[in-house]
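In structure tokens below, several structures.
Below, subunit A partners subunit B and then partners subunit C, in two separate complexes.
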Partner chain A sequence: MEKTNQTFAPLARKERLVVEQMADEVLVYDLTAHKAHCLNLTAAVVWQNCNGKNDISQIARIASRDLQANVSEEVVLLALNQLEKFKLLEKKKESHFSIPNISRREVMKRVGIVSAIALPVVASIIVPTAMANASCALVPCGVGGSCNAPCNCDVPGGPGTCI
Partner chain B sequence: MLVKFLHHSWREKTGELSLSKEELEYITPILIESGAGGLAWNQVRLSSFRETEFAESLHQGYRFVKLRVRLRELAAERAFKLFRTNGIEPILIKGWTIARFYADNAMRHYSDVDFFIPPDKFNLAQELFLKEAEEEFHLDLRIGTGYLDEYTFDEVFSRSKLVKLGETDVRVLSHEDLLRVACYHWLHDGGVRFTGLCDIALLVESRPENFDWKICLGGSKTRVNWIVCAIKLSEKMLGANLSGVPDEVKNFKVPKWLIKAVLKQWSRPIRERMYAEPSLFLDLKNPLRFIKSAIKRFPPNPIQSTIMLKGSFNKTPRLPYQMGYYLLRVRKFLRTLFTGRSEGYK
Partner chain C sequence: MRKVDRLGWTSGLAFKCQGVTVGVRTNNSKVLKRVKEVLPLGSTLIDSPIVNHLFSLFIGVDAPPPNFRRHHLLYNGSTRLIRTLKDDELFDTLESMLRLRVAEFAKRRVFVHAGVVGWKGQAILIPGSSHSGKTTLVAELIKAGATYYSDEYAVLDKNGLTHPYPKTLSIRENGNGKQTEYGVEKFGAKAGKKPLPIALVVVTDYKRNGFWRPRVLTKGRGTLEMFQHTVSARRQPKFALSTLNQVASHAVVLKSKRGEAKQTAEAILRMLS
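Moving on to the complex of A and B:
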């Protein structure tokens, strides 16, 4: 039998993630997918309370308390949708529950356009290309001509310079 | 514009900016691509431009650096554990050891975790690195002090100290040696990284009370000339506070060509400035392209040429150094071509 929203207790992924707590957001680096994400405060509070025990209504209550504003279950669902999309939730094999899709527009309608809280946002951090590759800038090749990807040693087998 | 923006950029900000919105919009891509997104965000976040589109780009740059430096911190901690369990006590250099002096570590972007390795343990360290290293390790190991310092590993080790990085006590250079290495490294790279000059300014301003200038300005006359020159340049170009520094530094006359050369580097497109040119070996099959590439390499960076030929920074023309360095590179190329062995990167 399919579980209801009330009994579904999402679990935040912990493995192979580097998490950096900022004052007003949480930054997450996924060591498996090599992607960086930014969670706004609402999304972060929902995520941090996904302990596999709290169901959606409990998460909504905790988030309301922590953010000192009314956080509805729709808002929690919207956050969970995004967290799932960015692979920040554990997938429980035994669970048949799938988080219902809910759009930002629907949530806006239900909670009202002028909401006391910011809607949850999980966004990818786009890595500036040159910066991401800066590791090969004027760097000597390593052992056997090795360089950090995507750089290559100018002299195959090295020693030389990573380009 | 860039120089104006970088002026005192390493210090805690008050929200006042010296550039207009249009000027900031113009330099934002340069700052982000150079790894200075965090440094710039530190200035913009308290200003009235905080909500603008370019500020958001800088904020993204900051977020990226914040995560990247965290990854490197974890890599450094893991590397220390790995080396120590195998009886190696390395010294962490550059990167985090400089970033820790900034108000926010994301103000200083770095790509690698660099170590000085005791010369007698270098082979073992390399083996461990190859065996254990994962993709996100990004370690750069140097035998002893490598080309970065004239002091021996034992000398810098005796002055090194332990500081906390997360849960780990990591060994870092003394402030005197760190400043020496930062100055040399920046010049060795041809002055291309404007963040490197900010590092020098920051290290000078954050030096401890017992900072020993005799150590920092020790070694050969040429090396001292390089260190003095880089420190004085940080004042001349970025407004570093040099109060309390020796007269030798205060009274140093920075040659005009050097300022011009640095500005020229900073105004070059990012890819040309930050990356080594593609190898001439790649052009061997196409003679016309080979000749073009060879010509394009002349004259080489005058700062790098001076360092490579162990010259001094003074007002004499740089052309002889540039010619000399060019010939050195030709010799290196030919040697590699005919013997298959390279002299490496010196």
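Moving on to the complex of A and C:
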């Protein structure tokens, strides 16, 4: 694993993303999947340094410098796992490398529970359509057949109004 | 769309609201008066024949032939929204869909599905989906002295200020899910007129025997919670995110289940006082 880590240089996805920088977090909206992600500071620093040139140890070094705390390669791997899961990394076609799975528990064991940095966290939501964000009564049922949860059609089987 | 175009439209109107132009055409000019009554707040009638969104309102014939039902039809573009025999249902749907389209396509405002009240020159925003108990909480807050801003949409500008959207409160009663409209005066409250900065965002929903034990969300998580209830989130994510970022950078975002609205409203106002 060590050898592979040396050669693997992850690349952050840039296309079809809307990025909003906050004070200590980064919000990312995926225009393709209609998902919004909130990266905490650790995850954001790792993601922003995935330029396709920095390998995992370099990212760990840069993150340690930026966060002014010791960021181990395990922490970087944990962040990369999550970033990959939420499709925030580019997939290199020629590369057969897959980021080794590492659990939060394993990282906690290795870096210790009392760590100077927060472990990387990516929180994610599926962004609903405008219609799903409407009040129940906005939406007629019966034509499409159903209402968005938790609304129900006032006439079973429709046509009617969602209530 | 051609099929809809052939239904025989004889009259119509166009209006502009929040930078969005909408047309409503009908086969019966008598209903235009009622259409005007259901236009979204802040609408201005315009003469333009070109609009961003077109609604078509087909009114069923008054004296249908035997074995023929006089269904009313409502279309948005070529999509049929409702087919009904009831006038009220037709106009309720039209009113709601007009509001939704304006909220989704508004040019300089972000509409978040939320209740809003004012308290001592600042606003409390309660985002949530239908049936989460927003209106009940808003009603309790205004009974306790808060100013009414909205029970459906928080209308936010790019600086993160919330603007009044004082439609009547739609309260579900009798357990049948149907909503009844109440004016804010019924609660002895006033509707706000000036835009307010948001001091508190309350992410909550009702749980029987639940307790109000709020935890503070980070700015990012708080923004994500509001974004989930933003009508234009898919349509204009960049503008929505930057506006919500403005809100979150000045407001505290709390999240908790809640029990009865009265106690929660008191706790919220105590917190802000």
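Observations on the structure shown:
Convention: the second predicted complex is superposed on the first by the 122 of 163 C-alpha atoms of A that agree within 3 Å, B and C clash if a C-alpha of one lies under 4 Å from a C-alpha of the other, contacts with A are read in each partner's own complex, and residues count from 1 in each chain.
What we mean here is this: a residue touches a chain if its C-beta (ideal position, glycine included) is under 8 Å from a C-beta of that chain, and two chains touch if they have at least 3 such contacts.
This structure is a prediction, so every number in the text was calculated from the model and none was measured.
Shared-chain residue A:23: touches subunit C; no touch with subunit B. In the superposition on chain A, contact of A:125 is made with both subunit B and subunit C. Within the superposed three-chain model, A:48 lies out of touch with both subunit B and subunit C [touch as defined at top].
Once the two complexes are overlaid on the shared chain, A:31 sits against subunit B and subunit C alike.
When the two complexes are overlaid on their common chain A, residue A:40 makes contact with subunit C while staying clear of subunit B. Legend: residue contacts after superposition of the two complexes on their common chain; A:57 is shown touching neither subunit B nor subunit C. Once both structures are placed on chain A, subunit A residues 18, 20, 22, 27, 29, 31, 36, 38, 125, 127-131, 133-140, 142-143, 154, 159-161, 163 are touched by subunit B and, in the other complex, by subunit C.
Interface of subunit B with subunit A (complex): residues 32-35, 37, 60-61, 63-64, 66-67, 70-71, 74, 109, 111-112, 126, 129-130, 135-136, 138, 140-141, 189-190, 192, 270-271, 274-279, 281-282, 336, 342-345.
Per the touch definition, subunit A reaches subunit B in the complex via residues 18, 20, 22, 27-29, 31, 36, 38, 125-131, 133-143, 148-149, 154-156, 158-163.
Put simply, subunit C touches subunit A in their complex at residues 74, 80-84, 89, 92-93, 96-97, 99-100, 103-104, 113, 129-131, 152, 170, 172, 176-179, 218-221, 223-224, 227-235, 237-238, 241-242, 245, 248-249.
Those residues of subunit A whose C-beta lies close enough to touch subunit C in the complex are 18, 20, 22-27, 29, 31, 34, 36, 38-40, 123, 125, 127-131, 133-140, 142-143, 150-152, 154, 159-161, 163.
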